[in-house]
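Look for subunit A in each of the two complexes below; its partner is subunit B in the first and subunit C in the second.
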Partner chain A sequence: MTPQVSWADLSLMIPFVILFLFSVVPISGKVLNGNTELNKNFNFLIALVGLFLALVFTGFQTVIEPRLAFGGTVIYDGLTWVGNISVVGIAIFILLLAKNHPTIRNHQYSEHMFLMFSTLLGMFVMNFSNDLIMSFIGIELMSLPLYVLIGIGGGDKISKEASFKYFVLGSFASAFLLYGVALVYGAARTTQIDNIINNQMVVQQLTFQAGLVIFLIGLFFKVALVPFHAWLPDVYQGAPTPITGFMASGVKLVIFFFILRIVPLGQLYTQNNMFKLFEWFSILTMAIGSLAALHQTNLKRIIAYSSIAHTGYVFMGIIAAIKGDFQQSIYGVVAYLLIYVLMTIGTFAVIGHFEKKQDHQLNLDDLKGLANRRPVLAACFSILLLSLAGVPPMGGFFAKLMIFSTAVNADLYWLVVWGALTSVMSVYYYLKPIVNMYMYKSDIILLENRGRAQKIAIYVCTFLIVISGFLIQPLIEKLNILLFP
Partner chain B sequence: MIGQHILSALIFFPAVAGMALFFVPRGRVRLVAFTLSLIEFFLSFEILTQFDKSSSALQLAEKIPWIPAFGIEYFVAIDGISLWLVFLTTALVPITILGSWRVISNNVRNFHVNVFFLQFAMLGTFLSMDAILFYVFFEASLIPMYLMIGIWGGSRRIYATLKFFIFTMAGSVLMLVSIIALMFMARDQFGAMTSNLVELYKLNVPFVNSFLFNPQNLMFFAFSIAFAIKVPMFPFHTWLPDAHVEAPTPGSVILAGIMLKMGTYGFLRMVFPLFPEASAYWTWLFMLLGVVGIIYGALVAMVQPDIKKLVAYSSVSHMGYVMIGLFSFNYYGVTGAIYQMLNHGVSTGALFLLVGMIYERTHNREIGKYGGLALAMPTYAIVFLIITLSSIAVPGTNGFVGEFFILMGAFLKNRFMGSAAVFGVILGAVYMLWMVKKVFFGKPGELVKGEEDESYNPLLPDMSPREFAVMVPLLILVFWMGLFPNHFLSWSRASIDNYVESKGSYTLEFKKQDYVSQLRGTK
Partner chain C sequence: MSNALHVGLNHYLVVSSLLFMIGVAGVLVRKNVIVILMSIELMLNAVNLSFAAFSHFNQEPGGQVMVFFVMAIAAAEAAIGLAIAVAVYRKFNGIEIKLFENLKG
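What follows is the complex of A and B.
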């Protein structure tokens, strides 16, 4: 069977082409300029224009109804659209975060741009994929540049270690993914998701079920679900802070969107013991994310563990989607992820803004007395942290309200109660930075000025978090139109 | 315009005022804040002109859909139960601001912003009639209080403030889960999700008498623990003494005067109407804990060397009265409990202000180091004594009316509990009068003594006119509420009658007729 490719299919690829073309401009310029960087601001501007164009083109390609393209390997539906818009938005934020950041070295700025855009392309592929092989390509296209991006910056050992660790373990996860795909193909004779879903005969086969589980393990590794989380704190700590922000927001978002896409496959498991296992994964993730951070002093590590805890909450929504009302759950998961993305980017923006020049780290003690010297940023940081903790009236509370509702709707009461209790435990470490900023005095001067770009990102994120109580309803209405036409 | 949206105006004015303070010149912050809080206080009188005291309905209601997908609304209304708590909130804040004129010397602007946001959250809690809206305000009030204790507090402030925040939050997250469960229960029973309390009251929450883990019991405890921590009821009271001792004077005044009432108000507004069977079933437990709290709080207060800690433990004891009043479920008990909430706000708030005044002078609160203070500060001693008498419920003061009603209600409900609670009255007199004796009478203590014989510490001048002005409204209230309780209770009577007779069957009255037609179907 030869896939039929139409002009309409190709038109879907316009954002890809735009992003690719703009990603090669800075690096080609460097080559033509005798291996010296072009003006940094020029490169920044090129990247920004590329991202905005991609955003505009994606925005115009509205989804009337879901359709398949490229012989069924690519799907274009509401989830793809939301995912694409989100990742381009994330990339714009990350671009702002990386501006003037010491870990992004000036003589490699164009390489940085190119790798970041490649990661973005990988995320696009993930959003589009309706095929397990396609998703594998997406994950690899997303991960390979990230391995380099983690190690490229700084110059200290910790980032090289992080890069190497992520590379080795990531390859391991890729092997799992491929093995899973192979088993699924062996049973179903296809890797196309909608074909598998429709084939009720296949889903009973043990080979298929084993394949799916192994495939899922690969995905769980990427979103750092406990017990596949061990790499995350080290990698998040070692990576340059803007890249950490990119991983915590973008990578998680697209992989969870993809998991949502294959949720109908997971519904086979509702009768199985496998389902109980998923519940335990979620419980453990919430617990470890909340408990392990209690004694950390490095801020990036704290937020890394918090990101594990949040993975647990999102996964609770995924379980609800498998078990209960898919439509209700998808609102919960998508809304949670979008609000979470804003909170994380904002938090990493603050960390990146204040981290020390020498070792690119920020410890709790460094924050002491910050509120007196940088009152506005301290207030923004507090709002973001309280939001991560899920204290109303911040956005994090509404995200939690949504995800808890979806779980209650699926009768997952124990998960919800556990989630509520772990969120209280985590409050302790979210409050610690606030305590240090507001309630201690210190003579250490932490006044590095890193320009306006990061501040813009912080202010925008904080503003959106504060008003997100009013954004929930429009968001649900928009999702309603997009996802269930 | 304001006339129709008086409740929203009342809730949001402090938030706007808090924002406005950022644009006030540094030297004027206190004065502007005080003026704004007075405006808010006078604004609250607009309620009295519109409030119909013969009606038991929820009045002046305002209702706007917020998140219709979940049935969450912005829904505020007032009735006789919340009326005086709103007044307490708007009245105590100007008094607090005036009382903190000297105490707060650093970060003055942020302090007043905090106070206003706290007032915003507290008024929202007392006025909202939507469960999620209530929860948002209830939790949001933690943040300014957390900052207030943490930034302007004493030496162990960070421990105290973290404990305060985490204790309170730990209680309320399970309440959130229960609210969500109730919303889905409403979907199953009425066909649409809603968090509107008036609708939720009509829910039939399954209750199985002999089975401990039935839905109503579980939800009842989830709500009750959230509010019991806030009250605080024995054995959940341990955060309170820490928080009070470390909090700055204004923080203590607001915490004891208003925030604790959010807990008891929660019992009234949410727990009893939502879970009538479970509340009736577990009355014995809460009565018992209330009585234990009264006696325990009094006994522990007796041995405190620190004045502020003594007052803090007396709060535990006093809030125990409110709890047994509420759980006696009869007219006397509930009336007494509501009255006692106001009394406690007035007299304990006043006590914390008074303690703050001598702490400002000597930076010491140890009872043993005082003595003979009455000669050094005669006016202060008189005021202190009057407030003490109000706190131990001497007839003629406000405390008497509340405690009398509560004991009567408790006695009607359960003779044993009623009798046991009476012991608390005696113990209350013991620890308060002991403290007064040790601090004000007898030989001058080491802090009160001056350099030479027959002289007093020059750091202990008598009350300044400002300090006296802070106390005057409270003193007036002590006698006014004590001698003419009907001036206050007549406004609440219809609501309490209705509340006791038919729990939770509320009618709604919007101010304007067209509102009703707009929102038909909500009764």
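What follows is the complex of A and C.
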């Protein structure tokens, strides 16, 4: 069998190739220029042009019907399209966040750019993958530059420590994932997801089921579901804030999109008791994420724990997709992830905006009296936090509502009760920064780093969150056309 | 020796899983950063062994191609791991994991 690669297959990869070419421009310029950095604004512009071109080309490749390419290892359907568009969008925001951030050192800006684009390419591979080994390559291509991006930033100890912790636990998880792929391959003689799903005989084998469980454990490590979450707060706190935003939004989004692809395999688990365990994962994730955030004082750490809690809500949507109506639940999960991405990027943009130097850690007390000095930023931050908490007029409320209603439709009342309880709990720690900003006076003057780019990111995210209540209905109609043509 | 031991798929799988478990134990127990990196490599190579074994005994050549992918990725991972270890050594003056106490809570 010779693999057939057609022009139609290659044309799917145009955004991918564009991103790769633009990723090497700044760093090649640096090398040709005698190892001195080109103009920072020029590099920034190059990266922005590359991202916009990728966005336009992806936008043109609208999906009519799902199709496989490159001998079945690549799938191109609505989920891929939505994933690619949102990942490029996330990268544009992160570019804005990183523009003037003190942890992104000016003499390493082109390296930063190259690594960020490499991560982005890994996310593309994840979105495209219809093959377990492809997904492994995607995860590695996404994680390896991230390990460096975390460590490259500061002259401080914590970023090195975070980088190493993420490296060890990330590689550990990848090795588990790969072992799972090997067992699945041994049982099914293929790693293509659609072939595996259609082969009922294989799915009953014990080797296959063991392999799938090990594979899923690897994925759960990467999204930090609760038994496997211990690395996340340390890494999110230690990483440079723009990179934290990238991890919290992009990495989670693509891995959950990939989990949605293998949800049809999960349906086979109704025969077996694995499900109960997954429900517990979701409950524990929501509960521990919310509980551990209660007594934190470091702002980034609070948002990191809240990110764990949100992972639990998304996972509840995925369990609903396995157990109940797949079509309804998938809207919930996708819409939740899109809104969550906006909220986290906005939050990390605000936090990053107030970090003056490399190892500056923002605490809750630093926010005191902020509303008097910077009323607009304080209002934006409050809106983003209220949205994360799920307070009605904001986007976060509608996202949570959709997840909860799909879970109710799938008869997961038990999970919904836990979800509601933990949401109520989470309001406490989301309100703490708001109370500090509005109710206290303080002499400590919190300086912002001069960054117009960051402000743009904050305002755009806040605006989208405020109007997302109106956007959610058109979004679902659009998703309906895209995901189920 | 007429009844020489016949080495089958299961033998390979047992060796592979043992290697994998040794790697897991190494990551969890050892305190030195370099040894942890070696243990991670060991885990990946254990997986390579089972890919190759499955590929041979199932008469399915795809598995051996995957081994090449994994080897390439393992090399990249080792390079990045050692680079991080060097950066850690410069900041902390040591590569023991007990030095990592700045982030907790």
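We adopt the following convention: the second predicted complex is superposed on the first by the 482 of 485 C-alpha atoms of A that agree within 3 Å, B and C clash if a C-alpha of one lies under 4 Å from a C-alpha of the other, contacts with A are read in each partner's own complex, and residues count from 1 in each chain.
Note that in this section contacts are C-beta pairs under 8 Å (C-beta built on N, C-alpha and C of every residue); 3 or more make two chains touch, one makes a residue touch a chain.
This is a predicted model, so every value here is computed, not measured.
Trainee: In the superposed model built on subunit A, check whether subunit B and subunit C fit or clash.
Mentor: fit
Trainee: How wide is the angle at the Cα centre of subunit A, looking out to the Cα centres of subunit B and subunit C, in steps of 10 degrees?
Mentor: 140
Trainee: Per the contact definition in the header, classify A:Arg301: touching subunit B only (first), subunit C only (second), both, or neither.
Mentor: A:Arg301 contacts subunit C only, not subunit B.
Trainee: Between subunit B (first) and subunit C (second), which, if any, makes contact with A:Leu284: first, second, both or neither?
Mentor: Touch partners of A:Leu284: none, neither subunit B nor subunit C.
Trainee: Identify which of subunit B and subunit C touches the larger number of residues of subunit A.
Mentor: Touching more of subunit A: C.
Trainee: If you stack the two complexes on chain A, which partner ends up touching A:Gln237: first (subunit B), second (subunit C), both, or neither?
Mentor: second
Trainee: Classify the contacts of A:Ile217 with the two partner chains as first (subunit B alone), second (subunit C alone), both, or neither.
Mentor: A:Ile217 sits against neither subunit B nor subunit C.
Trainee: Regarding the shared-chain residue A:Val63, is it in contact with subunit B (first), subunit C (second), both, or neither?
Mentor: neither
Trainee: Regarding the shared-chain residue A:Val466, is it in contact with subunit B (first), subunit C (second), both, or neither?
Mentor: Touch status of A:Val466: no partner.
Trainee: Rounded to a whole Å, what is the shortest Cα gap between subunit B and subunit C in the overlaid structures?
Mentor: Comparing every C-alpha of subunit B with every C-alpha of subunit C, the smallest gap is 24 Å.
Trainee: Once the two structures are fitted together, what part of subunit A is touched by subunit B and by subunit C alike?
Mentor: none
Trainee: Where on subunit B is subunit A touching in the complex?
Mentor: 66-70, 132, 135-136, 139-140, 142-143, 146-147, 150-151, 157-158, 161-162, 165-166, 169-170, 173-174, 176-177, 180-181, 183-184
Trainee: What part of subunit A is in contact with subunit B in the complex they form?
Mentor: By the definition above, subunit A touches subunit B via 331, 386, 391-393, 397, 400-401, 404-405, 408-409, 413, 416-417, 420-421, 423-424, 427-428, 431, 435, 438-439, 469, 472-473, 476-477.
Trainee: So in the complex, the part of subunit A that touches subunit C is made up of which residues?
Mentor: 133, 136-137, 140, 144, 147-148, 151, 156-158, 160-165, 167-168, 171-172, 174-175, 178-179, 181-183, 185-186, 189-191, 233-234, 237-238, 296, 298, 301
Trainee: Which bits of subunit C are touching subunit A when the two form their complex?
Mentor: Against subunit A, the touching part of subunit C is residues 13, 20, 23-24, 27, 33, 36, 40, 43-44, 46-47, 50-51, 54, 58, 60, 62-63, 66, 69-70, 73, 76-77, 80-81, 83-85, 87-88, 91-92, 100, 102-105.
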